[in-house]
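Here is the structure we will look at, set down as structure tokens.
Note that the chains take the letters A, B and C in the order they are written out, and that residue 1 is the start of every chain.
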Amino acid sequence: MAYGPHTPADRQRMLAALGMRSVDELFADIPEPLRASPLRLDPPEPEQLLMQRLAGLAARNKVELASFLGAGAYRHFSPPMVDQILLRGEWYTAYTPYQPEVSQGTLQSIYEYESLIAELVGLDVVSASHYDGAAATAEAALMTCRATSRGTVLVSRAVHPHYREVLRTYFDGAGLGLEEIPLVGDGPERGSTDLAAMKRRLAEADDPVAGVVVAQPNFYGLLEHMAEASRLAHAAGALFVAVVEPVSLAVLAPPGAYGADIAAGEGQALGIPPQYGGPYLGILACTDSLVRQIPGRLVGMTTDVDGKRAYVMTLQAREQHIRREKAASNICTNQTLLALAASVWLAALGPHGLRDVAALGAARAAELEAALASVGVARVHAGAYLNEFAVSVPNAPEVHRRLLDRGVLAGLVLAEAVPDEPGLADALLVCATEVTTGDDVATFARELGLVLAEIGSGPASNTGNGTGAATGDGTGAARSVGARA
Amino acid sequence: MVPSDLRYTKDHEWVRIDGDTATIGVTDFAAGQLGDVVFVDLPAVGKAVEQFATFGVVESVKAVSDLYAPLSGEVVDVNADLGGKPELVNSDPFGDGWMIRVKVGDAAQLEELLDAAGYEKLTAEA
Amino acid sequence: MSASGPRLQPSLFELSKPGRASDKIPHPPADALDRLPAEHRRDVPAALPELNEPEAVRHYVNLSQMNHAVDTGFYPLGSCTMKWNPKVNEWAARQPGFAQLHPLAPDAVAQGTLQLLWELEQILIEISGMRAVTLQPAAGAHGELTGILMVRDYHRSRGDMDRTDVLVPDSAHGTNPATATMAGLRTISIKAAPDGGIDLDAFRARLGPTTAAVMITNPSTMGLFESRVGELLDAVHAVGAMAYMDGANLNAILGRFKPGEAGFDVMHINTHKTFSTPHGGGGPGAGPVAVGEKLEPFLPAPRVLREADGTFRLERVGERPTSIGRMRSFVGSTGVLVRAYAYLRTHGASGLAEITDDAVLAANYLKQRLTESGAYDIPFPGVCKHEFIASATSVKRKTGVRTLDIAKRLLDHGFHAPTVYFPLTVDEAMLIEPTETESIETLDAFADALVAIAREAESDPEIVKTAPHTAPVRRLDEAGAARNPNLRWRPAVGDWTPCPD
């Protein structure tokens, strides 16, 4: 067996010590009718062949594309020192630090992570991590209900659709109310949270709101009026939850600056590879006054009996292993190794490096906007953005598919991602980061121009893929690959 | 021996009556079971408490316990010292570690509580 | 102080020095941010530490050396299954084809990963004896919530709105009742029978039309196979409730017991336990959930589908309205799942059966060694599965030394402590799980250490009560940490250089 150390002699010795002849005797307590049928699986695979199999599977993915896809997961440069540290067995094969005396490495790294994130978000209490940005946002929303003893949360429709769906699942589970705040439909504020509508809802006294959730930047890349939204929430006695993108916090005003009570977000952008969805890093932070409401592990500084500085998991009485059915959350395993990865990445880049990452993305995104405009493709919205924005593209799903064939991953087809949001039937959500090159941008613009000309020049019949997208009708029926949940 | 002038719940709260005011806390036994107390969550002055219902939470490093009211009434005072020094519950559970004072609704409810001997018996069996 | 080996480290912030720069990123154009309105700009730069590569790397290498890890030694942690974390799995997850794939990439460019995920589902279906699997949940507890929400939706879909209770044994892991609460359900805790197993009569007394589900760990958290589970499942189904199996102890039953075949309706699997994905200091894990036919329509969306032409795709938004919805963003913790897949392919059918046989043999051997020594109480002396309980009740009575002290003294012997004070139902409990990847020499050394500590408790209790003595730090002031929480470093003003704008 691959990782088992026992020789037949070892097994014999153990059985002899038990006065048994066969290991089957140890399973005699499984009643006959409950015994399993044999496992119908392939035989064991030696490592050499396993690696060939895995390499073959990996090769069936196409990752060498000029990619402009963000929408909640972002590619950034990671210095090799980060992964080399993460490959140390003392980090990745360590257990949860329940015996702090032999876990000071993990504990100190978590404390440092809490401190780094606290600096970035401007809030003092940071949990040791949640599963991902969506779960962190759901926990944040649940916190507002517990803290205010109210039962309804408002979430902007400009928060990531996956996050809103997870909020829905968690809130239905807990029997709490979740309502969506609509977006401004046109004009210069189109695509941002409709604060007037929010204010009207907050004023409804018969169903007071526990919390308001707004993202910055929002799903469409737009910058929201967070200070104003925060003020409106507080005026109605609700808490304000900011959903944030951590790299952007190098240059954008942090939640602490605009009075947010809780910040949640996805830490994947802190140098963690996309990995087709995870493991990621749910960031959750709050003000001091909410420290006993925040779920998840917390690491604090203390001293040992000799007076040495040391770190320990603290306020554990809140957690499931003690509080059980009264725990705020059932979370046990979290994302510690990813918190370490994010910390090492931040340590590797430093504040200047992080700021440069954000600024480079912004510069490249502006370049992208201009390049797309030069082939007649303009932004959907007018508001300010950092490095992500939506563009109007006739027949967006078909254009996206053709660009993919030409080696360009042209962002996200919004008609498929947010089918219920009006006015986005022909739009792509595109982003640029510091790893997007000028060549990538030029390629995208050039190929987009060619594809638009192709499609615009008669019935779409070149590819025979039977999508049936008629010229110029702009409906772009979503078919086959590219259609995404 | 626990103080003989107090009454006790089977959940290890004690109550001292002084006219129509009751002072409530947890016993040394409870404090011992909990270990070092780190936080006590108490109701605000003016809140109503109900006999045998929870009125707060006491948290130690390794445990959390609900606090059950020995009597019904209205909270008239809360021990503010416990905010900065929760360890008073361990060091002086029957004195400086008191938790809340309540204006008693129905003095007859005292009869439903254990006296010192009854409480000693309970903890001896634990 | 030695030149190498575990040493306390200053904080990252103390190592910071203004002006240190690592020059890893090119400089942006000076006007890159000019177009951002002032309203949105950060006034005060984040005071992140300024280090360069040598300082940063040394910091993290030195910190790591203060950790116990599977790569350094034994973790006899009951309920955690701290088996070996294979190195090929780290290679696999890091293949650029897997690691660089964006989670919203179109199906056409994700066929390799989609195929891997689909195959993994099939393997887990076979192991569990269930019918379908979701790979979405990010951890076991997350899987528990997923499973219980599916059970709730199932009952509601049949108009059964009054099923509000979840029955669990009193030895259940804390996540079980916490999960029930998150699902808006009430937990009813049922005391075990004297032999440690399910008390059928006690369960039957509480099973009824308000029962949504029972949540059972099998083997139990005491390491005992629930021989009466068949009768329990009959009783549960007879009242129209569902049976959830907490799969934390799956390592004990691979190839010997398939929960779906036995009648469980749903179970979760901890890949970071049974299937070797590394614990990472507390996570990440993954918690796939396997279900029978009744719950299949309710699985989280999107599922991975295999088309007639052999290609794979994800379900589209709205394609399966009966789904409970999403439990997380994107498809799952795919990086963890790649590792689990590699592990499962490595072992195959015979390898998995061997894992369980060796894990159970090792646990019984270790229990035998301790029983023969007489040093500890063994509350359940019969055959155990992959883990067993030893108790320090007698040691405490004779010497005042408790399980906590014994755990700390084990650290001085180079072992991590076992799981202590769990399950809650056993006094001074130590839950010991060797797993199948520890050599008999390690098992013997561990038994010897435990016995030595018991003897020490009699001859020199103080040294045990004040242990550990050789770890980088000794016992911590946990009360102080909770009374006056210090949860973040506070950089002093002037510790950083504001970024030139």
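Throughout what follows, contacts are C-beta pairs under 8 Å (C-beta built on N, C-alpha and C of every residue); 3 or more make two chains touch, one makes a residue touch a chain.
Computed from a predicted model, the values in this text were never measured in an experiment.
S.K.: Select the chain whose centre, defined as the mean of its C-alpha atoms, is least distant from the mean of all protein C-alpha atoms.
M.R.: Centroid comparison flags C as closest.
S.K.: Farthest from subunit B by Cα centre, which chain is it? Let me know.
M.R.: A
S.K.: If you average the Cα atoms of subunit A and of subunit C to get two centres, how far apart are those centres in Å?
M.R.: The separation of the two C-alpha centroids amounts to 21 Å.
S.K.: Just curious, how far off is subunit B from subunit A if you go by their C-alpha centres, in Å?
M.R.: Between these chains, centre-to-centre, one finds 46 Å.
S.K.: With chain centres defined as C-alpha means, what is the inter-centre distance between subunit B and subunit C in Å?
M.R.: For subunit B versus subunit C, the centre distance works out to 38 Å.
S.K.: Would you pick out the residues of subunit A that each touch at least 2 other chains?
M.R.: 315, 317, 322-323, 326
S.K.: Could you say which residues in subunit B touch two or more other chains, in rising order?
M.R.: 38-39, 59-61
S.K.: Give me the residue numbers in subunit C that touch at least two other chains, ranges are fine.
M.R.: In subunit C, 478, 482 touch at least two other chains.
S.K.: Within their complex, state which residues of subunit B touch subunit A.
M.R.: Per the stated touch rule, the residues are 38-39, 41, 59-64.
S.K.: Going by the contact rule at the top, pick out the subunit A residues touching subunit B in the complex.
M.R.: Contacts found on subunit A: 292, 315-318, 322-323, 326.
S.K.: Per the contact definition, I'd like the list of subunit C residues that touch subunit B in the complex.
M.R.: It is residues 478-479, 482-483 of subunit C that touch subunit B.
S.K.: Show me the residue ranges of subunit B that touch subunit C in the complex, using the header's touch definition.
M.R.: Within the complex, subunit B contacts subunit C at residues 35-36, 38-39, 59-61, 86-87.
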